[in-house]
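By written order: A, B and C. Residues from 1 in each chain.
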Amino acid sequence: MAEVGETKDPKPRSRTIPISLVQLRRLSPLFSVIALLLLWQLITSAEIYPAFIVPPPAAVGEAFREALQSGLLVKHLGVTLEEMFLGLILGLGIGLSIGYAIAKLPILEYTLSPVIVAFQSTPIVAYAPLLVIWFGSGPTSKIVTTAVIVFFPSLVNTIVAVRAVSPNLRDLMNSLNATPWQTFRQLELPSALPVVLAGLKTSATLAVIGAVVGEFVTQGSGLGFLVTSARNQYDTPLVIVTVLTMTAIALSLYSFVVLLEWRWLAWRRRSKP
Amino acid sequence: MKLSLRELVVDFRTPDQGRLPALGPISLEVLPGEFVCIVGPSGCGKSTLIRTLGGLQPATSGSVAGDDLPITRPLSTLAIMFQDANLMPWRTVIDNIALPLELAGVDKARRHEAVYELLPQLHLQDFALSYPAELSGGMAQRVALGRVIVQRPRALLLDEPFGALDAMTREKISLELLDLWRKGRQTVVMVTHDINEAVLLADRVVVMSSRPGKLVADITIDLERPRAINMIYRETFLRLAREARAAIDPPDS
Amino acid sequence: MRKILGTALISCFIFLSSLGAQADLIQERILLTFIPNIQFAPFYLGIADGHFARQGFEVTLEHLQEPDVLDLVAAGQADFGIVSGEQVILARAKSRDVVYVYEWFQEYPVGIVMISDDDGADLANLTGMTVGIPGRFGASYSGLTTLLQSAGLSEDDIELNEIGFNAPDVFCLGAVDAAVVYVNNEPLQIRDRLAAGDCGDVTGMAIVSVASRVDLVSNGLIVSADLAERDPDKVQGLVNGFNSALKATINNPAKAYLASGAFVETLPGEPEFLTLLRELAAEQEVFLATDPTREQIGESRSDMVELLANALGPDNLTQFEVLLRTIELWDADTLGHSDLSSWEAMSDTLRLMGFLSDDAPDLNAAFSNQFVTGIRE
């Protein structure tokens, strides 16, 4: 019974495509990465820039190995991850709950919008130093920076998502005497989930920026500090290793949300046989 | 369940604080187990009538009662079905049908038992774990119907339930509905814009005027049951249908 | 046809660029660190008073992060930059081939202020104290490490607190017992607040400068080794120009301050203050014509502050005083000269901090006094 959507015969056209071509397509993202690496190698081989400005891939690989072995990278990565996750949870928590409240009570939007828009349109790097003064140079200020940067997309997406809940389904829930909690759990939550998860993709990548911006402002630990520190020691390969680590965090978080979508929104992949 | 409307009036508030009369005054009594169809021009307040009976729309004046108890909020004994199948796209067929039971706190095993019992009657036994996106319009509407009857209501309020379906599917499902009704003997109030459908299904056809909707005819359908599709060619059927048609568009207009 | 068009375009271009470059001055940008600030007064005076132009340069200034200044000079993207000697040592250890050709700051500008009621300062007292520092980087961190080392202490003996560039506030709040500062700047601010009774429970301070203990190499002019080899005349020309501008600033700070107004937007400049400065600048020129000694010029600078303070009160004066304090860090019998010992001391500090390995390249190649010896006025 469950196989209805899955056991349908492959369309005749897809049978004519050679399997190698399909695999090729699946591998194509890898090609762009390889092309980038080649270009990089080419630039360093051609000595367009001195190696201390654009170090060759091998030097960066070596720096990566060293940073891993010495535990330097893991240590700072741990700090950044902790700040980032706590900030993400805080920002999401506030964004989702205020967003939900605003979606339910339009008067709140009217009241809060000047503050929220002002918060959003001010570049975080401009007031990150203030956050450091207010919340101290420890992890708190970085958690707050992350939370602030994560807050807005989650807020907006929550408002949009909850407002987009079908009024007919709301009627249905009313006609079934659903309690507010049941309406939230069985209707609003699953209905809003796709948009909220899409917002989470943005938030998750922004969270890395938030934590790193905070670390740039106060020196001490974390990947943001490691970049500055490596730069101050003229260790360009380590700078690149650290930047790539940040990229890796952002990519992993993004992929994690995609995985959540795959699991939680399985129904969206189903269509008429 | 007996349904009674007494001098019911429903007005809507307009944005400029004015009042827009939608319905009434209207009085109507539907006996337990009776199948009543409501027809009328569009915008005559048929849907408002259903929503008021269902406790979703408060009365401006007059009263609505089920078994002589006033209806002021949705009751579990009184199920509503809308024109749109209105399914939750993230729930499978069985979970959509089981929704009313789930909200009522029935445990999972019993819910599934109840739903699986219904599936064959709804011709949905092969689609239990399908998602709404995988269903045709007719199947989706069957799921919606299943969701209505699964809670074993004593009255069904159907607001143009098959309005969005093609003629063939619609005929088929209408008769399936009759079949279900024959077994359950619920009181049914069904809004439709199809006079033939109304005459074929109902014990009584109630005709409403355009806004604000009032009762202009109440036609008893004395065709024997069970009804079959070929009855529509009978003289009696045609006479009753003509009578209803005439009430909607009075010949002198 | 195409040839004619090309020729026309090229001649157009040549014409336009000849309009852009006045006379035949060489366009030259000098990369500085930090932000526009009175401490860069020699450059402002050098541009405003033609010290660079007389050597054939039209100079523009740009402010960047110190490592960026160094990399751009090392990569030949810019010819001249100002960085501290420690950056030269660190960068040379990572294969940036730059040479330090002119020692601008003769004294390392970092020091430590301590709460004290009798001006007396004993570094040994730091043990167990909370010491504020902008952060564990840059000149203040190297300076602190050197000071602690000179007193036989280490970082473990004190409680180090990262406070950003907020020393006066944090110090007056009483949140730290001592703070690492730039001796030509923050102590003046704290002094003013003490005088105004605006420094919390703190009633007095004492300063110990790094320079009073150890001779550490500080800020100076760098070029790439390639440029020094390929075009020594150009390097000599710019060194001549800067030397002349620096000397003029030391001799007549009033004039330098006036020239800085065009470059430092936030520099205080009330009309009566500027009028007085102009008078002082003119008088100073007359005085300089009498060929005074270095000591006499030093006294004349102190007289300037006294005169200004008597006429206008202490407000507005802080930036001018910063300039005079900074001049004391520049002034020497031979401007620009660098000693190997100051490089060795810095190198030792960097090793102590773990920033430099033992096999760092030869310090003798990091700097050169060749262009200082070659200065022609």
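By our rule, contacts are C-beta pairs under 8 Å (C-beta built on N, C-alpha and C of every residue); 3 or more make two chains touch, one makes a residue touch a chain.
Keep in mind that what you see is a predicted model, and the values were worked out from it rather than measured.
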{"item": "Relative to subunit B, chain with the most remote C-alpha centre", "value": "C"}
{"item": "Top-ranked pair of chains - ranking by C-beta pairs in contact", "value": "A-B"}
{"item": "Rounded Å distance, subunit B centre to subunit C centre (Cα mean)", "value": "87"}
{"item": "For subunit A paired with subunit B, centre-to-centre distance based on mean C-alpha positions, whole Å", "value": "48"}
{"item": "Intercentroid distance (Cα basis), subunit C paired with subunit A, Å", "value": "43"}
{"item": "In the complex with subunit B, residue positions of subunit A that touch it", "value": "1-2, 4-5, 166, 168-169, 171-178, 182, 186-187, 190-191, 193, 265, 267-268, 270-273"}
{"item": "Residue numbers on subunit B that touch subunit A, as the complex places them", "value": "54-56, 73-76, 79-80, 82, 84, 86, 88-91, 99-100, 102-103, 125-131, 133-136"}
{"item": "For the subunit C and subunit A complex, residues of the former touching the latter", "value": "65-67, 70-71, 74-75, 90-91, 93-96, 135-138, 162-164, 166, 355"}
{"item": "Complex contacts: residues of subunit A adjacent to subunit C", "value": "49-53, 129, 132-133, 137, 218-220, 228-229, 231-236"}
